[in-house]
Amino acid sequence: MDKLQTRNFIAARVAKEFKDNDVVNLGIGLPTLVANFLPDDITINLQSENGLIGLGPKPNEVNFDRDITNAGGQPVTLLEGGMYFDSTLSFSIIRGGHVDVTVLGSLQVDETGSLANWIIPGKMVPGMGGAMDLVTGAKKVIIAMTHTNKGRPKILKACTLPLTAKNQVNMIVTEMGVMAIKEDGIHLIEYNPEYTIEEIKNATEANLIVNEPIKMKVEV
Amino acid sequence: MDKLQTRNFIAARVAKEFKDNDVVNLGIGLPTLVANFLPDDITINLQSENGLIGLGPKPNEVNFDRDITNAGGQPVTLLEGGMYFDSTLSFSIIRGGHVDVTVLGSLQVDETGSLANWIIPGKMVPGMGGAMDLVTGAKKVIIAMTHTNKGRPKILKACTLPLTAKNQVNMIVTEMGVMAIKEDGIHLIEYNPEYTIEEIKNATEANLIVNEPIKMKVEV
Amino acid sequence: MKKLLNINNLKDHVFDGMSIMVGGFMVVGTPEFIVDELVNIGVKDLTLICNDAGLPGKGIAKLITNGQVKTLIASHIGLNPEAGQLMSAGKMECILIPQGTLAERIRAGGAGLGGILTPTGIGTIVEEGKQIINTNGKDFILELPLRADLAILEGTTVDEYGNVVYTKTTRNFNPVMATATDLVIVGAREIIKRIDPDNVMTPHIFVDYVIKEEL
Amino acid sequence: MKKLLNINNLKDHVFDGMSIMVGGFMVVGTPEFIVDELVNIGVKDLTLICNDAGLPGKGIAKLITNGQVKTLIASHIGLNPEAGQLMSAGKMECILIPQGTLAERIRAGGAGLGGILTPTGIGTIVEEGKQIINTNGKDFILELPLRADLAILEGTTVDEYGNVVYTKTTRNFNPVMATATDLVIVGAREIIKRIDPDNVMTPHIFVDYVIKEEL
């Protein structure tokens, strides 16, 4: 898989986690692609922390409106039934547990479900934006990312970068597999048959609990 | 003065305290009468804690609307330029210092500016409603009440009933005079010439600081 | 419309001992027809959270009269003398909370906050048993979040998605209560196709069921 | 209209060293023409409070480029690389706050609260130097209110009384900032006679001046 295929593969698998009527917040980058793979038979309410629910696809020349953007500042549209609100209500929704699933990228995730994705001291200081609130408040936190960074594991025994939140990640989806984070550690529950279990373990610093994982089925 | 005249006299004097563009909240009872004496040459924004600014007079048969009431549950109207909001914004306005003057009745007020007007244990338990927030948050707190209750002083050295708030009252207006509460106690700054200073002092349990008060001028 | 509920099925969503937030201010903004149905159902030992105790014969006063309320949490009960009598007689627990604190506590419950610091009530019996915290040289009371099992709200206009608009002073506690309970049921005066997305006061994600009022 | 201010008189209301809240999210909802005038005026040593650092050449990024900003308080500066560079070089102080906490702190500043307890940031460097308070068995960070001298907001529609409506996603931080500063100046895209009293997003009592944008 090339880079784009990998990203789409991950995004398509994440999209299978949603249930009818879920309120979902998709982070910037890879998670944004998840919107392209939403199932047709259920209703997903995409929330954007800058103040809307009912996030629709990118506008064309006809329905472009500079006053409608997503949390990345990109032009978007509003689906029928959607609505706008201010930042305080937006984060009441997020912090208050009214978001069912948030999908975020990450630099690091560890065995305790902690994650680090907002700062590399001395190098990159974008700020946490809404990410800290999202991972703290959402009922389910899914990390969507490539399994490694230039060959170096991103799924660690313990994060080394400053944390975004402690013990909040429930699931990790990568091109290699799907992992659930539980009390006793990270369980590999699905694997991409393009890789052997051994290859996946080698690409993971954290201990992977492997107990009859099933094959990932993703149609991109 | 009969009872109604007394109440109107007090209300009319209170109304002279307002400045142009003031946001004012009038409590239930005597303070409500203040609305009848607002000066014509300035704009006063009456706030009602159930969720409006721009409180207008009682409706007639034509403009009656069951969905517009004041904090006493009585039908009112909305003046042009007024607007509605919910209880959280209403009390952000009140607690956040955006109300310039609140006018309330009281059972007792004391030398430290504490007041008691929400409960008589064992007898009357109406609850504090918005009064505690109003006296805590408003920039200026005016108590509008009769000077005594069946001859018993209501302006005391120290309140004996459970307090509504500590050290919050700035001014007391009664049928006998106008009193300012300062660091060193209660100053009689205006007096009703129908009473002698001695009579006013006798009707007041608190020490009254009397330093050349002027005569109250009120046209009812 | 997906979320439409027949009033006859309200009974499936209530149970003895539950806590219910009821929107409204002196019955303005209270969906009286739903409260009346709670009287019919006879669900009991309720904890009601409402600005006030209603007015005699109107709104939640009917539930109080009917002996269904174990605890009332409100800011003001003066316009319903029966509430005070039951409280004094020890037949109904009544917890009085300053109105702004009541709104903030419900908001905190809906917004995932662990509490808020308010100056309201400092130096009064309201502070008894509560933590006092000094910030920027001033004392505040730490007030805790308030949540309930069910919210019963009055929506003036509800759209087919469940978005809600409350007209005029019927708004009061309705939108904040919509955020702070496990289940939210809105009594709708009218149902329209779509509310202007800028004017929605309660987004549909908060609304579980809509019961159309027969006018 | 009483509150109308000519943009040429903006200079009378600003001073070196002041703190300014600027509405907007990645410039959406920022009144760029007022920010441009702050660049013209050259007022300096500013503390800016804004969701982000703007976009290169747009919004408050211009004030940053022009060296007028001493301290930036924001949740995210990633889309304006210059902000990060100035921060790393020690030429601009940058205080990063989680977005929801930023909104709540401003709200607390406007609502007279002494602070709020949020779970966001627990176990991260965000909690450093702050009081941790446990309520209902869970740890929260005590976050303090945030206020400023001036708010610069973008109102889509303002009425002759100064009531404001913000359209679509331009709303974001604008209404909450309107409550939390000593002076509030709204840049208006259009001015109409009267906004429907149910749809007002910022009541006129919060608005000191309105500057009409030349479109």
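Labels A, B, C and D are assigned to the chains in the order they are written; within every chain, residues are numbered from 1.
Here is the rule we go by: a residue touches a chain if its C-beta (ideal position, glycine included) is under 8 Å from a C-beta of that chain, and two chains touch if they have at least 3 such contacts.
These numbers come from a predicted model, not from an experiment.
*Asks:* Which chain pair is joined by more contacting C-beta pairs, B-D or B-C?
*Replies:* Answer to which pair has more contacts is B-C.
*Asks:* What is the distance, in whole Å, between the centres of subunit B and subunit C, each centre taken as the mean of its C-alpha atoms?
*Replies:* Subunit B and subunit C have C-alpha centres separated by 29 Å.
*Asks:* Between subunit A and subunit C, tell me the centre distance in angstrom, where each centre is the average of that chain's C-alpha atoms.
*Replies:* Spacing between the chain centres: roughly 35 Å.
*Asks:* Taking the mean of the CA coordinates per chain, how far is subunit C from subunit D in Å?
*Replies:* Measuring from centre to centre gives 32 Å for this pair.
*Asks:* By residue number and range, which residues of subunit C touch two or more other chains?
*Replies:* 104, 107, 111-113, 118-119, 167-168, 197-198
*Asks:* Among all residues of subunit B, which ones touch two or more of the remaining chains?
*Replies:* 52, 78, 84-85, 91, 94-95, 136-137
*Asks:* If you connect every pair of chains that touch, what shape comes out? Choose line, ring, star, complete or other.
*Replies:* Contact pattern: none of line, ring, star or complete.
*Asks:* Return all touching chain pairs.
*Replies:* Applying the touch rule to all chain pairs gives A-C, A-D, B-C, B-D, C-D.
*Asks:* Within the complex, which stretch of subunit C touches subunit D?
*Replies:* Going by the criterion above, the answer is residues 104, 108, 111-119, 131, 133, 135-136, 138, 140, 142, 144-145, 165, 167-168, 197-199.
*Asks:* Taking the touch rule as given, give the residues of subunit B at its contact with subunit D in the complex, in rising order.
*Replies:* Residues of subunit B touching subunit D: 23, 45, 52-54, 78, 80-85, 89, 91-98, 136-137.
*Asks:* Using the touch rule from the top, collect the residues of subunit A that touch subunit D in their complex.
*Replies:* Touching subunit D: residues 48-52, 65-69, 71-73, 78, 84-88, 90-91, 94-95, 114, 122, 124-133, 136-137, 162-167 of subunit A.
*Asks:* Please give the residue numbers of subunit C that touch subunit B in the complex, ascending.
*Replies:* So the residues of subunit C in touch with subunit B come to 25-28, 51-52, 55, 74-79, 84, 87-88, 94, 96, 98-104, 107, 118-126, 156, 166-176, 201.
*Asks:* Which of the residues in subunit D end up touching subunit B in this complex?
*Replies:* Those in contact with subunit B are residues 107, 110-113, 159-161, 163, 179, 194-195, 197-198, 200, 203-206.
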